[in-house]
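Labels run A, B and C following the written order; every chain starts at residue 1.
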Amino acid sequence: MADSPRVHPQALCESSEVGSGTRIWAFAHVMPGARIGRDCNIGGHVFVESGAVLGDRVTVKNGALIWEGVTLADDVFVGPGVAFTNDRLPRSPRAEDDAITRRYARPEDWLVATRVEQGASLGAGAVILCGLRIGAWAMVAAGAVVTRDVPPHACVMGSPARVRGRVCRCGAPLDTALECAGCGRSWTIHGDGLSPA
Amino acid sequence: MADSPRVHPQALCESSEVGSGTRIWAFAHVMPGARIGRDCNIGGHVFVESGAVLGDRVTVKNGALIWEGVTLADDVFVGPGVAFTNDRLPRSPRAEDDAITRRYARPEDWLVATRVEQGASLGAGAVILCGLRIGAWAMVAAGAVVTRDVPPHACVMGSPARVRGRVCRCGAPLDTALECAGCGRSWTIHGDGLSPA
Amino acid sequence: MADSPRVHPQALCESSEVGSGTRIWAFAHVMPGARIGRDCNIGGHVFVESGAVLGDRVTVKNGALIWEGVTLADDVFVGPGVAFTNDRLPRSPRAEDDAITRRYARPEDWLVATRVEQGASLGAGAVILCGLRIGAWAMVAAGAVVTRDVPPHACVMGSPARVRGRVCRCGAPLDTALECAGCGRSWTIHGDGLSPA
């Protein structure tokens, strides 16, 4: 448990804030100032920008792109090829246009945060617009384009993504009785999410 | 024809089961135990996981992600940025949750296979859910999210992907007479696919 | 301004036609014969193929894939994970099929160009079919699958992408009066696009 991160010789880890037990795979790039917790798995070809914050036990599959402004709580799963965003109205910051130059001079004018709560899963190839909260233990289906907040334990799919059901903490879909056929847990509705029954 | 694979100096090929004539380009990573046939082209930034199986003459364009459980038959085309999956209900396997820990301890509880039959094409950015069969010489449009089996010679598009027509072996769309304006072949319906007329 | 391109030590820039002031980041690969203008930013894990043409001050975010046949005018923004295409009916060029072999022997039989005009933005994870023109200062939403031409200043979203409004040169949405609440510019309709009022 006290080991330092294990960084593949072909990876580039420039951050000094990566927790013990975390592995970083080939051709991944973690920039200076990115914060990554303990016992995470950062897949090949992943990019984690300065300012991104990842909790403990997070799994980031290959090719996912994580920017400044993105926070991933503990136990989150980010599928292969998932793309986050942090700018609602992107332009090339180097364009010859005074309005664009002004906007990119001040991060508060363009940088928009996104938070993924504990244990949520983002399926392969999902695209996550910015300014959103993805609730704890939610499940974003592969290929979904998420344009709104996702409630805890919700399952969303499609483009744009819409709620299609609820999932257990273990990942299995829940029926209307909110009993999990997978692991046996029972749930009750609590605010916009679920709590143990 | 008897040459060994040609691996770009910036690629990482850890498998000893790659056929002659196959090329692997910069920043691609082929893991130990991945099986790749002869005369394939594995593009830059591609990831092929241990346990994946590729036939002969397969083209995998840049950035595609191919997991254990995925089988690509001969002559398949995988477009740029295509993401496969192999887990229907992904969670971070390192999450502190007994039900999740149990599930990931047994591959048979989460690992779901996908098979792409001979000559099928997967367009750029397509996302392929798992447990599916994509039929021979099918054509998955760019950006499609494939959630069901695809019949042989079918053309599917959209999110979720739906059948919108049939294509010839050469790739050209077929009219209702099933005659190809591209290469001149004629087809007849045979089961859920086509056979030469 | 007279500096040569700055190429990250982990990047691979094989082109001699990259303008001064342009930066190329880790694990990016620019092939010989790709042309890139001045003061561009080519993100990590980007691929730029021989024959692709990029103007000045273009921003290409991480993991984007740019092929021969693609032209990006000055000031374009290409979001993370954007995939271009250049073949309408892709097959594996190495497939054992005479019609396929013949087609790939002649670029004019399969290579289809796409042009992105000045200042346009392509959001994260967008997929761009080929043979298209994306008009100046257009905005393609994250996750969009673009299957038709996009008019100048249009905002398109969805799969397939449809026009949902107009945007200012600065990126802000325009109301029906075509006045920008962001930067104060006024516009009038001009052909299929806008000109300053």
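Rule of thumb we're sticking to: a contact is a pair of C-beta atoms (placed from the backbone, for glycine too) under 8 Å apart; a residue touches a chain by one contact, two chains touch by 3 or more.
On a predicted model such as this, the values are computed, not experimentally measured, just so you know.
What is the size of the turn, to the nearest 5°, that moves the C-alpha atoms of chain B onto the matching ones in chain C?
120
Over half of the interface residue numbers used by both chain A and chain B, so same, or under half, so different?
Chain A vs chain B: different; shared/all numbers falls short of half.
If you average the CA atoms of chain A and of chain B, how many Å lie between those two points?
It comes to 26 Å between the two C-alpha centres.
For chain C, give me the residues that contact two or more of the other chains.
27, 45, 63, 81, 125, 145, 159
Taking the complex as given, what residues does chain C use to touch chain A?
Within the complex, chain C touches chain A at residues 10, 26-27, 39-41, 44-45, 57-59, 61-63, 74-77, 79-81, 119, 121, 123-125, 139, 142-143, 145, 158-159, 167-173, 182-183, 185.
Once bound in the complex, which stretches of chain C touch chain B?
Contacts found on chain C: 12, 27, 29, 45, 47, 63, 65, 67, 81, 83-85, 89-97, 99-100, 103, 125, 127, 129, 145, 159-160.
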